[in-house]
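Please go over the structures that come below.
Next come two complexes, and both contain chain A; in the first it sits with chain B, in the second with chain C.
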Partner chain A sequence: MNGFRLAAMHWKVGAMHELQYRVNFFLQLVDSAIRLATGLVAIYLVFAHIDNLAGWSRHELLAVMGIHILLSGVVRTFIEPNVFQFIYTIGEGEFDYVLARPVDSQLMVSIRNLRFWQLVDVVIGAVVIGWAVSGIVETTSWFEVVGFLVAVSCGAIILYCMWMILASAAFKWIRVDDTAQLLNGLFQAGRWPVTIYPGWLRLTLTFVVPLAFAITVPAEGLTSRLNGGTLALTVIVTGVMLLITRAAWLYGVRHYSGASA
Partner chain B sequence: MRKLLAVYAAEMKFAVANQMQYRWAAFFSLTGFLIEPVVYLVVWRTVAEQGGPIGGYGVAEFTSYYIVWTLVRNMNLALAPGSWDYWIQSGRISNDLMHPVAVYHRQLAGFAGFKFVWILLWFPVAAVLSLIFKPELSPTLLQGLVFFVAIWLGYIIRFSLLFLLGLISFWTTRAQALIEIMIGAELLLSGRLVPLAVMPEWVERLAGWLPFQWTFQYPIEVLIGQLSNRDVFIGLGMQFLWVGLMTGAIVLTWRRAIKRYTAVGS
Partner chain C sequence: MPTVDVQDLQKVFKVPVRETGLRNSLRSLFKREHRMVEAVKGVSFSLEPGEIVGFLGPNGAGKTTTLKMLSGLLYPDGGTAHVLGFQPERRQAEFLRRVALIMGNRNSLQWDLPVADSLELRRAIYEVGRADFEQRKDAYVEMLDVGGLLTKPVRNLSLGERMKVEILASLLPHPQVLFLDEPTIGLDITMQKRIREFVARYAAQTGASVLLTSHYMADVTALAERVIVIHRGSILFDGDLAGLSDRFTAHKTIVVAVAGELGTLTHLGRVLEQNSFKAILEVPKEAIASVAARLLADYSVTDLSIEDPPIEDVIEQAFAIGDAQADEEEEDVRS
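On to the complex of A and B.
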């Protein structure tokens, strides 16, 4: 079966399951509203005292925040639930059932779960991005629009790769869910452009955990900072991340001894 | 009282042994937690560098504030209120109710025990942060002693507040929204996001009526020397007041909450 059709089927079932619990929509709305409000308060407080933060204006920082919220919604909807389910299945010895299926195991593990109501963050992120853009530019070139779309897609893929590399570590260390706290903590650093951080942190967030490519580069696309070279580098980094993720997964599967072995 | 102290000692010992088993997991969790203040520190140092001091906080004060923040945050980590939902729905709470020692005491002692391991793991991270950001800290003996008491009182206040919030699960299984609102309010009104001196004056006044700042900002400001001796002792008094209020509220709520519980399988 085609991978996309399989994913679509799983997501449809996942969405139908979540739609049974409609109160969760309002709970998610409250959660998202609070996170949005605290983010806006932080930006308001910063700009109550200065005109720009290391060269970034209020609306430009709003764009970074919007992309962060949007990608956070993507992670919480599609990626995080699958990674945690996988870590659980490894711990419980249920991964054998995944391997027994006639589908690529990484694909299967990546699409089984969907938290539908977390899509609220994707919508809120898009609204914040729209609000930010309306305050930044009067005209937008085709390159900027295409550049942003490519960069934000690469951002989502990079985040998927980061989570899957963490998930692959479960083959060896099993209890890696606490390590997810580290990843979540680092992801919070992406709420601000990496250019404001000191050199050591900027390098970490660019080459070790490539949040710079995942969040700051798409924001550069919205703020007329993006050039062809950076966009090309982002695509290359995304490709390298996909290769590393695949290698880590295959290595893990090769060394997985099975719950009943 | 002596028996209760023995229970605390045993629970804390057990918690230390438990955390030591998973020390790497705890280290990664801790490092993840500590990225939050580094972000705030970088942002507010940049703001102070560009725009000058705000409400008595310049580059040096912000640096000291957020470095001490990392220890205080470690100290006031407590039972997540969402745990109650699971305990009640799964019936796990029945086991705890059979125990001769109250859930409150066992959890309070357990989380206190965790802190010994977390602080041990915090030292290398704090050392690295201090080397990078070079905070200027020179507390007096009095400030050091009060800080030691204040972080424990702050822990008891925050633990009790979250415990009280968790008890709502006895009335509704949809307490999550309320918990989120409380955590959001805490972020803004405790000094966790920024020192309250940076906030508008009305926020600072509002925070004065709530318990949050006594768990975060107060202990930090004691150690970095932002408070006069008079304010240090007023703060300590406020912490004792909130411990008393929280304890009373928990006793009253617990009695009512437990009457609503129907054990699974009964």
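On to the complex of A and C.
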């Protein structure tokens, strides 16, 4: 079975289900608006005192924030609900039924859920990015547009990998929901370009938890900072993350012991 | 060629040892102790096409663990298993499409979706052709009498209704091997019977092999001619149901009714029940013929029947013998 078709089927079901709860849409709108407003206030406060932050102008930082919102929408729509459902099902023993199906278990776990209304963040993120780009004077080249699209796709994949590696830990430790919150906290650090952080934190956010590649690199694509080397490295890092994720998953399945014997 | 072939299959679980009390909980934060539990200790058996076999054992005997290894959910720690020629632990899609694992009181359907949508999703996952799907669905819906449930969300179904739909969904891809783990648990008698009939009919029509665990002996006696008894991870018995009582009980019961008056019968066997004209006696197997002959000679018998003890009692007896054997083996290992 084609993975995309199966995903489309599940997403359709998920969307149909969520559309019944219209109030969630408004709640999500309010939630997104508050987070957008606090983000804008922070940028405004910083630039009330200085002209640039470690070489990033106001609009450039806006671009970083836009990408952060967009990717957080992707995480909350497609990734987080699936990871939480997986952690729950592995504790309850329902994961048995995922393994019993003739579809790759990692694929199955990754596509079962969709929080439709969280797409609001994706839309708001895109609007903020557009707003930021219109304020950045330099004209953007084709390389930069394609570079940005490649980088932002890699960013989404890297975030997926980070969540799935964490999810694979549930095979061994079962209760990893608290750790999932930690990952969410770390993700907040991506609101700012990693270049503004001190060296040790920058290195951590680049190579341990590769948020730099997920968020800062796409922003570099929008702000004429991206070069071919960085883009290539991003693609390689994404590939390596996918391999690590797969290995962690297969190791987990191999050692799965079920909720009850 | 057997559809299921198991040789010396083993599974060991690493279980954390938790002691009670706050102090021990704090200590376990830093130092975890584990214990190895041998859930399945080298079992071997095989199933032929079309065969329905009862898989019996007390709780924790290793039944579910064995079924999970055979359906590819758990990796065995030793031995080999072949199901339809596949190694289950490799979990090839082709293998998973051709076997089904159904566990009572577990739900594998989409909770919020109407049943029909859940079935449709199942069709997509198992790649069942549209025409086959519709034809099987119609037939099974009629056999299980679940036509009215198709538009209801799964969460609104009763336990019995859900189990019927669960079985229907699992059989739509036409599995050739069925692992049923307590399929009738918690269901009323009528519902149990319906599910039994359906499974029997499916196996007869498709030639599928079925391995069935159940605590309801009625399930086993109605469906299976052969039983495998597993106890503390080892196989205690593998053979036909009648053989089970031969092997584990040394007695049969004689029910006798007479026209006149029955005196004391204690010299003939253990009296389980008696009134003036009817008695039930427990008699050692080797003495059955002579006791029956004496009854017929000494009394004006109006009715006499010789019965095996109820299957529940036989099973209980088998587990007790298994316990004793296992304890003895442990003693041997220690000394």
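FYI, the second predicted complex is superposed on the first by the 257 of 261 C-alpha atoms of A that agree within 3 Å, B and C clash if a C-alpha of one lies under 4 Å from a C-alpha of the other, contacts with A are read in each partner's own complex, and residues count from 1 in each chain.
To be clear about the criterion, contacts are C-beta pairs under 8 Å (C-beta built on N, C-alpha and C of every residue); 3 or more make two chains touch, one makes a residue touch a chain.
Since the structure is predicted, the reported quantities are computational estimates derived from the model, not experimental observations.
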Exercise. Looking at the overlay, does A:208 come into contact with chain B only (first), chain C only (second), both, or neither?
Worked result: neither
Seminar exercise, completed: The chain contacting more residues of chain A, comparing chain B with chain C, is B
Exercise. Who does A:254 touch here: chain B (first), chain C (second), both, or neither?
Worked result: second
Exercise. Touch check for A:23: first (chain B), second (chain C), both, or neither?
Worked result: first
For this session: Applying the touch criterion given at the start, work out whether A:6 contacts chain B, chain C, both or neither, answering first, second, both or neither.
Result: second
For this session: Would you check which partner chain A:94 touches, where first means chain B only, second means chain C only, and both and neither mean what they say?
Result: second
Exercise. Which part of chain A faces chain B closely enough to touch in the complex?
Worked result: 23, 26-27, 30-31, 34-35, 37-38, 41-42, 45-46, 49-50, 52-54, 175, 178-179, 181-186, 188-189, 191-192, 196-198, 200-201
Problem set entry | Of chain C, residues touching chain A in the complex | 13-14, 39, 60, 62, 64-65, 68, 71-75, 91, 93-97, 100-101, 103, 106-108, 110, 112-113, 117, 121, 124-127
For this session: Over in the complex, which chain A residues touch chain C? Could you list them?
Result: 1, 5-6, 9-10, 13, 17, 93-94, 96-97, 99-103, 254-258, 260-261
Exercise. Along chain B, where are the residues that touch chain A in the complex?
Worked result: 22, 25-26, 28-29, 31-36, 38-39, 42-43, 46-47, 50-51, 54, 132, 174, 176-177, 180-181, 183-184, 187-188, 193-194, 198-199
